[in-house]
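Read through the structure below, which is laid out as structure tokens, and then see the notes.
Order as written gives the chain letters A, B, C and D; numbering starts at 1 within each chain.
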Amino acid sequence: MSYVLGHNQYGKAEVHAVRVYRDGGREAEHEIVDYNVSVAHQGDFEDAHVTGDQAKVLTTDATKNTVNAFMKEHGDEAREPEGLALALARHFVDTVPQITSCRVNVEAFPWERAHGTPHGFVRNKDYVRTVTVTKTPDAEYVVSGLKDLTVLKTTDSEFHGFYEDKYTTLKPTKDRIMATDVKAQWLHNGTDVDWGKSFSTVLDAVTSSFANAYSYALQQTIWDMGTAVLDAADSVSEIRFSCPNNHHFVIDLSPFGLENEFEVHHADDRPYGLIEATIQRDESSSNSKAFDPGQAW
Amino acid sequence: MSYVLGHNQYGKAEVHAVRVYRDGGREAEHEIVDYNVSVAHQGDFEDAHVTGDQAKVLTTDATKNTVNAFMKEHGDEAREPEGLALALARHFVDTVPQITSCRVNVEAFPWERAHGTPHGFVRNKDYVRTVTVTKTPDAEYVVSGLKDLTVLKTTDSEFHGFYEDKYTTLKPTKDRIMATDVKAQWLHNGTDVDWGKSFSTVLDAVTSSFANAYSYALQQTIWDMGTAVLDAADSVSEIRFSCPNNHHFVIDLSPFGLENEFEVHHADDRPYGLIEATIQRDESSSNSKAFDPGQAW
Amino acid sequence: MSYVLGHNQYGKAEVHAVRVYRDGGREAEHEIVDYNVSVAHQGDFEDAHVTGDQAKVLTTDATKNTVNAFMKEHGDEAREPEGLALALARHFVDTVPQITSCRVNVEAFPWERAHGTPHGFVRNKDYVRTVTVTKTPDAEYVVSGLKDLTVLKTTDSEFHGFYEDKYTTLKPTKDRIMATDVKAQWLHNGTDVDWGKSFSTVLDAVTSSFANAYSYALQQTIWDMGTAVLDAADSVSEIRFSCPNNHHFVIDLSPFGLENEFEVHHADDRPYGLIEATIQRDESSSNSKAFDPGQAW
Amino acid sequence: MSYVLGHNQYGKAEVHAVRVYRDGGREAEHEIVDYNVSVAHQGDFEDAHVTGDQAKVLTTDATKNTVNAFMKEHGDEAREPEGLALALARHFVDTVPQITSCRVNVEAFPWERAHGTPHGFVRNKDYVRTVTVTKTPDAEYVVSGLKDLTVLKTTDSEFHGFYEDKYTTLKPTKDRIMATDVKAQWLHNGTDVDWGKSFSTVLDAVTSSFANAYSYALQQTIWDMGTAVLDAADSVSEIRFSCPNNHHFVIDLSPFGLENEFEVHHADDRPYGLIEATIQRDESSSNSKAFDPGQAW
């Protein structure tokens, strides 16, 4: 055969399951979790591609059924998305012989209790919580994350002293709006973590450092957010950010006889700067809590 | 001419402007508003279409410039989206002779102060606040609104006793999740309103009544939300809702030997029920605060 | 009661059904239609809202079932979206006593045969075909349409001689790109129409007149497209357009020593002009094919 | 320092530029290209993050300016997206010392001439053409691609004989609709390629093999599409697919007394199978045209 099968994986994507915890019965106070779960299997699946023989293929439909069943069977672990993802990845690798590695992604949509009622909820859309668990024959990796968290500061942001080439026309500034949609993912150095508490700690560190740190560039703000997370959360080995620079341009109102001192801005859509960086613990330091990322990402 | 020009309007859509209020200077506590503004003009524009003569056309570019300039010139009114929309609609109708009517739509994106900082903000994405102001030669209409508010209740919802025809297969239920994305728009009976306070009152009435009222159908819940708004907000003459029934189907886990008593649900995407209704004050009652909707909608 | 129920309607939205016509059997050449169907009922539904009594409510689930069943039962009519929509609207109004009016919207997604194969298809995403059928106690209205058709001309477009006020800064131009996403809906003056042929005629008239007509404004181009449709399609009584002006701004490359004579453009996202107009047959002319729009829109 | 900066890159994303080629003047036949360009730089940017010193940072604004200028300066190369991407990546790495590697992504939106006119165009939205060029200190990688190509076959698709575990409930089938949105990316073994012709060859191989090949699973169909591409395009070293299984479920119409032999289907949204695979030339074969993928992906 002159052609070969390279990297491949398959599974069911976007199983959207909502679990209600009504342990005290219909009238008691309920809890809910709202997850969008995607599972990808790797293993011995060459025949499925090359000859069409599906004898080793666990169907994506059974994969979906497993996700739904685990929301009940592993209800306690499923109270946190990391718990559900770990339970699923371990199940597929441990019980289906031809699956050698498995990656489970979860988007967790937060809900908040409405007006103190026992059964009423409002979706908190400020951000989405994410999880990627990867189980290989040798290791387990838990990457927690958040995305779509939109933050803005109205000052305490400068940008100047940059490199200039023949295509550079940007004017330096000592004052500007800085805004971004935070996407962050962080690798834990183990699985013995209080996932809910850890998430809250990271979320708080991110928003607090964004709001408080003086900024000379979005790159520096990302570094500040990342080190704040590593300071606050012992279980985090490294954190990756992908942050657009949501440009807000001061509008020239002088044709209309109006001054505009950083007040009225055009919120532009495209193009946008895109800054991506990883902040890690230094492995060489004594007692480092760094963890080999391996196939986590 | 055998063809005639019928209803027509034009303008600039989606002028996305962010205003920072830094009245106390750079170091003081700032405020922000974040508006996506669309303006549509009606009037004497037949020539622009039929002969191509643009002599009466105020350009959409000038319309955009006016929106941006008014964020500064009418900064105080612009602290509330209704205020900006009224100022714009009045300007266009009063100063451009050939514009006889004008409709201004605003999407207002709420932001919340981050960690008590003077300059840091987090976007509250739970809902979008909306405004539609329509100014005609004879009247002004202010319609406030909200959209994309996602609410869910885990019980206190039944659905049974419905009409059955030959295509009916649905089983009645005495218990179910009810969830929707609330889109509501309400017409005020005047313009002398504290817009910010009024919006908060309506938002609170909507979420509270959704969470608290026992439901025999989404139709009934909409009625309950609407009457709660009319009870709470004197300035509201009528309110319109457009609410999808975000179906959550209980998953049959019996093939896996699992009971599932309203716990694990599939959150389905399409199709969905769509319920739309208007709740109005009774014009015939004495002292009714009803207002003729005219061309408000 | 001090509050009253105003305008209301309900139904099932976005029933996404794909019908394969395999009349000659599995091996023969197949045909497909791909519809996203939404149905809204009006009638005697006050109790459903005010008291929660659902005795008159045909469920949205049964409405969905009817759509799916009609794709089979009325398979011949369903070869065109207008045919399916008419069959559904008539069914609901004629067989469910409490439904007095019904509106059926269909999005029809076109597919094209792939490489002449009997069973292979490629989705043609250049546009979406739409239908809105409204049946009232007294009349039937068929509005056909298209949306998301993106067209552009690289010249033969001017814009100048416009009205100027104090907020006008736009420079007039004798040459520019003009581009838009055509959304058009046209009302037929009856139901005895070859829907497929009529749609092709309108689509051809729209794209041809856009490409060929010299333009002094998008308003004029819309007029030209509309009159071209009325010229070409006898069954069309009136046509409505909603067209964004997809701005393409010539980029100033002079800082880099480059001339840019209408060559390199920035395709901007927001804001955009939005032009909406209706072109109608003149009712007063003899032998006019105009049709009273009534509740069509 | 106990924390270190790991992988990082930055640049400008989504520079949406449209170039008109009007070489013969305003009246001649024009050509257009429509590109959405994203550029990411890697290099010596630690200071920008850690100290806030921007002395080495080429601004994202200058990056945008370069893209726009190159649409004119390198107009001939820019007729194909691969040509523009190569010119840009080489420029940044060769002329900005601190940039050591650069990745350029282009989305190219195809347009077709309308009705044979010299200046009128209709967007072909059936697919988007993509390019990723990566230039490192040692190598250049060109990955061409396509996405959002939606294909469907109405039969000649089976699925059975699969692995069964306790969560398997799927019934095997000898007949079904198979549909997917093709996303494919292919690595070239050099840069001396007729990019436009190569793209057409691959597009044709993909759609033809999808439509013609009998399928026992989407995995097998992907293998067939991949080998068809490698057969047809000498310059392609390997190709990667990511294809959702767009499920079409046969609807049970028996409650309404109707047979439904693979005719009426529900086109479901979520969840969906997701199949990803790479098909490569065998490096060990003599005269293999395989190319070390290095940092291409």
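Criterion: contacts are C-beta pairs under 8 Å (C-beta built on N, C-alpha and C of every residue); 3 or more make two chains touch, one makes a residue touch a chain.
Remember, predicted model here, so these are calculated numbers, not experimental data.
The pair with more inter-chain C-beta contacts, choosing from A-D and B-D, is A-D. Interface residue usage between chain C and chain D, two copies of one sequence, is largely shared: over half of the residue numbers at the contact are used by both copies.
As a whole-number value, the distance joining the C-alpha centres of chain B and chain D reads 39 Å.
Chain D has its Cα centroid 31 Å from the Cα centroid of chain C. Work out the mean CA point of chain A and of chain D, and you get 24 Å between them. Among all residues of chain D, those that touch two or more other chains are 16, 65, 69, 167, 169, 255-256, 269-270.
Contacts from chain D toward chain B in the complex involve residues 166-167, 169, 255-256, 269-270. Against chain D, the residues of chain C that register as touching in their complex are 16-22, 26, 30, 32, 34, 65, 68-69, 71-73, 75, 111, 114-115, 117, 119-126, 148-156, 175, 177, 207-208, 210-212, 248, 251, 253, 255-256, 258-269.
Residues 1-16, 36, 38, 40, 45, 48-66, 69, 95-96, 98, 159-165, 167-170, 215-217, 219-220, 222-223, 226-227, 230, 238, 240, 244-245, 270-282, 285, 288 of chain C are the ones that touch chain B when the two sit in their complex.
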